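In the two complexes that follow, chain A is the common piece, with chain B as its partner first and chain C second.
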Partner chain A sequence: MGRTLKFNIFRFNPEDTAAVPRMDTFYLEETDAMTLYIALNRIREEQDPALMFDFMCRAGICGSCAMMINGKPDLACHTKTKKLPSEITLMPMPVFKLIGDLSVDTGTWFRGMNEKVQSWVHTRKTFEPHAPEERMDNALADEIYELERCIECGCCVAACGKANMLPEGFMGATAFNRVARFMMDPRDERTNDQYFEVVGNEDGIFGCLGLLGCEDMCPKKIPLQDQLGVLRRKMGFSQVKHLFKAVMPGK
Partner chain B sequence: MDTFYTDLLCVGAGLAGERVAVAAASAGFETICLSIVPPRRSHSSAAQGGMQASLGNCCKGEGDCPDVHFADTVKGSDWGCDQEVARLFAETAPVAVREMAFWGIPWNRVVPGKGIYYKAGKEYEKIEKREMEGMITARDFGGTAKWRTCYTSDGTGHTLLFTMDNEVVHLGVTVHDRVEVLSLIHDGQTCMGVVARCLKTGKLRVYLAKATLIATGGYGRIYRETTNCVINNGDGTIVTLDTGIVPFGNPEAVQFHPTGIVPTNILVTEGCRGDGGTLKDVNGERFMHIYEPGKQELASRDVVSRWMTHHMRLGKGVPSPYGPHLWLDIRHLGAHHIKTKLREVEEICNEFLDVDPITQMIPVRPAHHYSMGGVRTNKDGAAYGLKGLYAAGEAACWDMHGFNRLGGNSLAETIVAGRIVGEKISEFLQGYEVDFKTSIIQAEVKKQQEKINNLVSGKNGKENVYEIKAAMGDELMDRVAVFRTGAELQKAVDNLQVIYDRAKRIGLSSKPVGANPELSMALRMPGMVRLALCTAYGALMRTESRGAHAREDYPERNDRDWLKRTLAYWKSEDDTLPTLEYEKPSKVWELPPGERGYGSSKIICTEDPEICTPKPETN
Partner chain C sequence: MMADQTIARVEPVRTEAYLDFLQMLTGVGLVAFMWCHMILVASVNLDLGGGRVMNLIAYFFEATYMAQLGGPLIALTMVFHFVLAARKLPFRAREQKAMWRHTVNFNHTDTWLWIIQAVTAFIILIMGCIHMWTVLTDLPITAAKSAHRIQGGWWLLFYLFLLPMIELHVGIGIYRIGVKWGYIKRANRKVLHGFENKLTVIMIGIGLVTLFTFFFLVKAM
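Let's look at the complex of A and B:
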């Protein structure tokens, strides 16, 4: 309490042909239980109504508000100012296309990711409206939910050395986690070879440098490192099989 | 001008909008979804506790069936719902839940054998049957006779929305995210699409469609303190009301959820109480058993919110810098339960309150939560008044909720209504053609462009949009909340009319290049105040208490005079109040009005023979 917070905020509006990227400075008196959600809205409402940023649920559930907070990607809504120094620098996430100021286009990126990994249950069955559901062990349902908790905020992508080097191509931990989620789901009939077609390449799991910024920065604490390991093992095995087939056609 | 043509345009890509899109796309119709945010960020994702469907798999749900779900829903609505719709809903919900399982939802499943559960703070034992192992299980929720709420931990909305969007991606449905709707294009009889604004570039667009669906969710942001997310501004409700032809059903029916956390109003799920959590006062004592000996903490939301407010009025609230609150206690459920079934609750408490719910109590009080009212439709989801216009989900007054929605019935409505309305739209589109009249399209675009020009130039004034929003929110929060009186409602109406006048004189203070957020808010603000006026005026005129509408000066539920649904129209742009009409809430009275079994309302009975005599379902 009692601190004056200094905010350095990245500004650039690509629609404004006269604009050049710059940093703007704003000051706010810190209030009790202040989060970056409260702070940014106060700056917009009291100091600069044109300031662009994204919030939706303001409860850490929807993934809208990821940004670089003093150099690290995190959800702005659950970041309390009291855990930060009195000078706070906010930048948009890298890798994603900039919409303006702190707002980036995660929607287009994640739609692309979901298309690439074919993020849906692949089955030859058709739904029978009046048949009882297929059974599932509750422990397995819990395990699937654990990976299903990804909110597509983009922090793992922004924290990824490889994605920053190859912003167009590299799929990122979020995609690997999604593949791992469907691999463990018995309703999905895809084989390891079919998953290999999706992620068994340099844009996929073999491009991962193992830096694990994703694991460190995931705001939902999803065990990404474990998924990378599982996927690398399974896909490595498929790769050996593919090589074997190439050397000995007909097998 | 970018112009897009499609068979079906879904305005809103939350659960309801996407479920309709999936139905239409599966039937071979070209579909575009507009969404103000990327679809997976829609507010559906924030729903936690689960969705009701009478599968009857778990031992505490044994004997459940659509009949019981139907009766719970009608009682929950305080007989304000459309019983044909409630019946259709209850019958379809089990199919919808299983369909979501087919698409990949990791529903929690029955674990056979002995288990413990908590009710009213006490421990009980239950035994799940071996033969039900692995079937979809359910938890207890308020106002229900059985455990019926299917769930994935407390991230049910999240898993449903991601799975639904997976189907949207699978079917290749086009989604235009970051687009806001500004108005409907219509000729007084037929809806032809919308004028919208791109929130990446700020440019206007035209979407022309044979059928248009409004699925923009609730409009809770007209209140100061709401659990609703920041995009729940009611854009779809506003543009339909603006036609002057389509009515806004039951605007006064507004739900306050018992457990918004203090001070941020983030929701913690009803699952906390469903799983055995209790409400406590300043002395650390339970109180709901005093007021509701039967259902206790698990009476319907309107009833629990009223007793909490009443208890705080008696001075039993916990004082805080943000006003008095009560406690939600889930400590006795234990670390394992909280860490597996109430994970988001734990995270929210840790991150937003610095409270550990395993060892500490959670500060809560009733907060605005849900809009039972919305775009009035028939049972097919077709809006009154305009051909080719539909609505589904919270944006609609389809009307299965009447004057109070049961917990777990909103997620269920999105999926069930989406399924039903999607099929009806597909039938409608079969062989249907519409003439797009360029004169009408151009006139509508011109009107919206002029609105923008006037805001930019400050031609009508220089009022600050954020000040107007705050004034409106205060007015509703202070006078149109849990308890209402004629005098306060009259004041709210009077003050909102002044605020409305100011809202017409907003001028921008920033440079409107690209996706300027001030312009977005300024464009919708007069419409938001119109929604607020409908809410306050509808509440003032309804001189009875029903469900969430609690008039202290008219405490009886008056079935003789008020067994009816409000239809609010905004007939002319120059009007300063809505025109109210009324209709019977239901054509079918399978369950005639009676006692809910909780709450303490006195009832003035109706003598209408059509209503008093039970009738079998007609379809």
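Let's look at the complex of A and C:
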């Protein structure tokens, strides 16, 4: 006999002008290997068909079902209820625009972020569709792939103190991870100064408070902490070098 | 086109990088100073409150004018560091509320550490200034004079409060500098965080022993 789980779920539909944000309570019998994704679907099917939440892949790949689970951001589909207490509070992720209940619009935010950091390989070479692909060292390809695993779920942004404090401007760890990925890529011809233009400011890496909410909450365990540190050092030290050159011209 | 915007600009604006670098530099400098300060003051324990070693060290710093010049310089560095670091603090009520709500709901160690650092910063700014003014306007420093101040009672309470504030700020500060500038990585974070915690406890311990010595063992003037 499983536990009876108590769910406190945030409810609000911004489209409904008469709606007021509230918390609704649902009870559910826990079953074997139950995930929050399964629980939410059962609540929607059996108790409240109006409940809004996002999901797609059910396998921790699409990043749609991220939400605040007892205060911490995570993917509903890979969160087992047996790891949680019997009372579970679910809130939508902060920072992102609320669509309704637990569903937020991460897409627009990530589109903006990718445009801001110019998340593509910058090269002057003309693409030859029939030429063999440029070779890359295997170890480097692996390193790049490690950072490419980001599923854009938004957990790192929801876990970020700075992003919560200033939801409008701060780029967040996912953006720094993108920049770090292109800095590694030998095909990208951007100079340090060009990267600096993108992230070398208070909205970027110098606004990062180093709270490591991103590092600790990333459901894909991407080494975000290491990217933040290396990026700040690269960006910061390159500017100090520049200052020395400006003050002491010559060599 | 977006891509051309970065290429067209002649020079990027570097101010925020310089300010962040200076914040780190003044922070590291002040951490080093505070640890040295603790060791020097704790020298009063070496001869069980006799004060000979401490007086000799104090004499050295005054004879070389390091106290007269270095003291105000440290005060200026502290204020400068505060101004630099305060750029990251939420001063608007809306931001403060958002940060506090996030910290409480999220309940995440490193986020709490930042809150502790932000709160202790204001306490240190005020109490540190009071301490420096009191000491630097009454040179030379001697063990007997320090003991006289502490044995008065109120100053003991003052330092019993200031000591953990400083050591927490310093300990968390150096850990966070390590994180932000990439010296503390995923691979060594746990070990170095544990080391920082131990160091903070040891420093508070040394401080408490020193206060005990000043209160009970040193002969006040």
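Note that the second predicted complex is superposed on the first by the 238 of 251 C-alpha atoms of A that agree within 3 Å, B and C clash if a C-alpha of one lies under 4 Å from a C-alpha of the other, contacts with A are read in each partner's own complex, and residues count from 1 in each chain.
Quick note on the criterion: a contact is a pair of C-beta atoms (placed from the backbone, for glycine too) under 8 Å apart; a residue touches a chain by one contact, two chains touch by 3 or more.
The structure presented is a predicted model; accordingly, all values stated were derived computationally and were not measured.
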{"item": "Clash or fit, chain B versus chain C on superposed chain A", "value": "fit"}
{"item": "Inter-chain angle, chain B to chain C through the CA centre of chain A, in degrees rounded to a multiple of 10", "value": "160"}
{"item": "Chain B versus chain C as contact partner of A:Phe55, first or second or both or neither", "value": "first"}
{"item": "Chain B versus chain C as contact partner of A:Ile144, first or second or both or neither", "value": "first"}
{"item": "First (chain B), second (chain C), both or neither touched by A:Glu202", "value": "second"}
{"item": "Partner chain in contact with A:Asn8 - chain B first, chain C second, else both or neither", "value": "neither"}
{"item": "Partner chain(s) touched by A:Glu115 [first = chain B, second = chain C, both, neither]", "value": "both"}
{"item": "Contacts of A:Gly100 with chain B and chain C, given as first, second, both or neither", "value": "first"}
{"item": "More chain A residues in contact [chain B versus chain C]", "value": "B"}
{"item": "Partner chain(s) touched by A:Asp32 [first = chain B, second = chain C, both, neither]", "value": "first"}
{"item": "After superposition on chain A, the shortest CA separation from chain B to chain C (Å)", "value": "8"}
{"item": "Chain B and chain C contact sites that coincide on chain A, given as residue numbers", "value": "115, 118"}
{"item": "Touch list for chain B against partner chain A, complex", "value": "37-43, 45-46, 95, 97-99, 101-104, 106-111, 133-137, 152-153, 155, 158-159, 162, 165-167, 169-170, 175, 177-178, 200-202, 229-231, 263-264, 266-267, 321, 340, 343-344, 347-348, 351-352, 465-466, 508-511, 513-518"}
{"item": "Contact footprint of chain B on chain A as seen in their complex", "value": "13-16, 32-33, 35, 44-45, 48-52, 54-64, 78, 99-100, 103, 105-108, 110-111, 114-115, 118-121, 123, 125, 127, 129-138, 140-142, 144-145, 148-149, 151-152, 185, 187-188"}
{"item": "Sites on chain A touched by chain C in the complex", "value": "68, 71-72, 94, 115, 118, 122, 159, 161, 164-167, 190, 193-194, 196-198, 200-202, 206-213, 215-216, 223, 225-226, 228-233, 235-236, 239-240, 242-243"}
{"item": "Parts of chain C lying in touch with chain A, wherever the complex brings them together", "value": "2-3, 5-7, 9, 11-14, 16-21, 24, 87-88, 90, 95, 98-99, 101-103, 105-108, 110-111, 114, 176, 179-186, 189"}
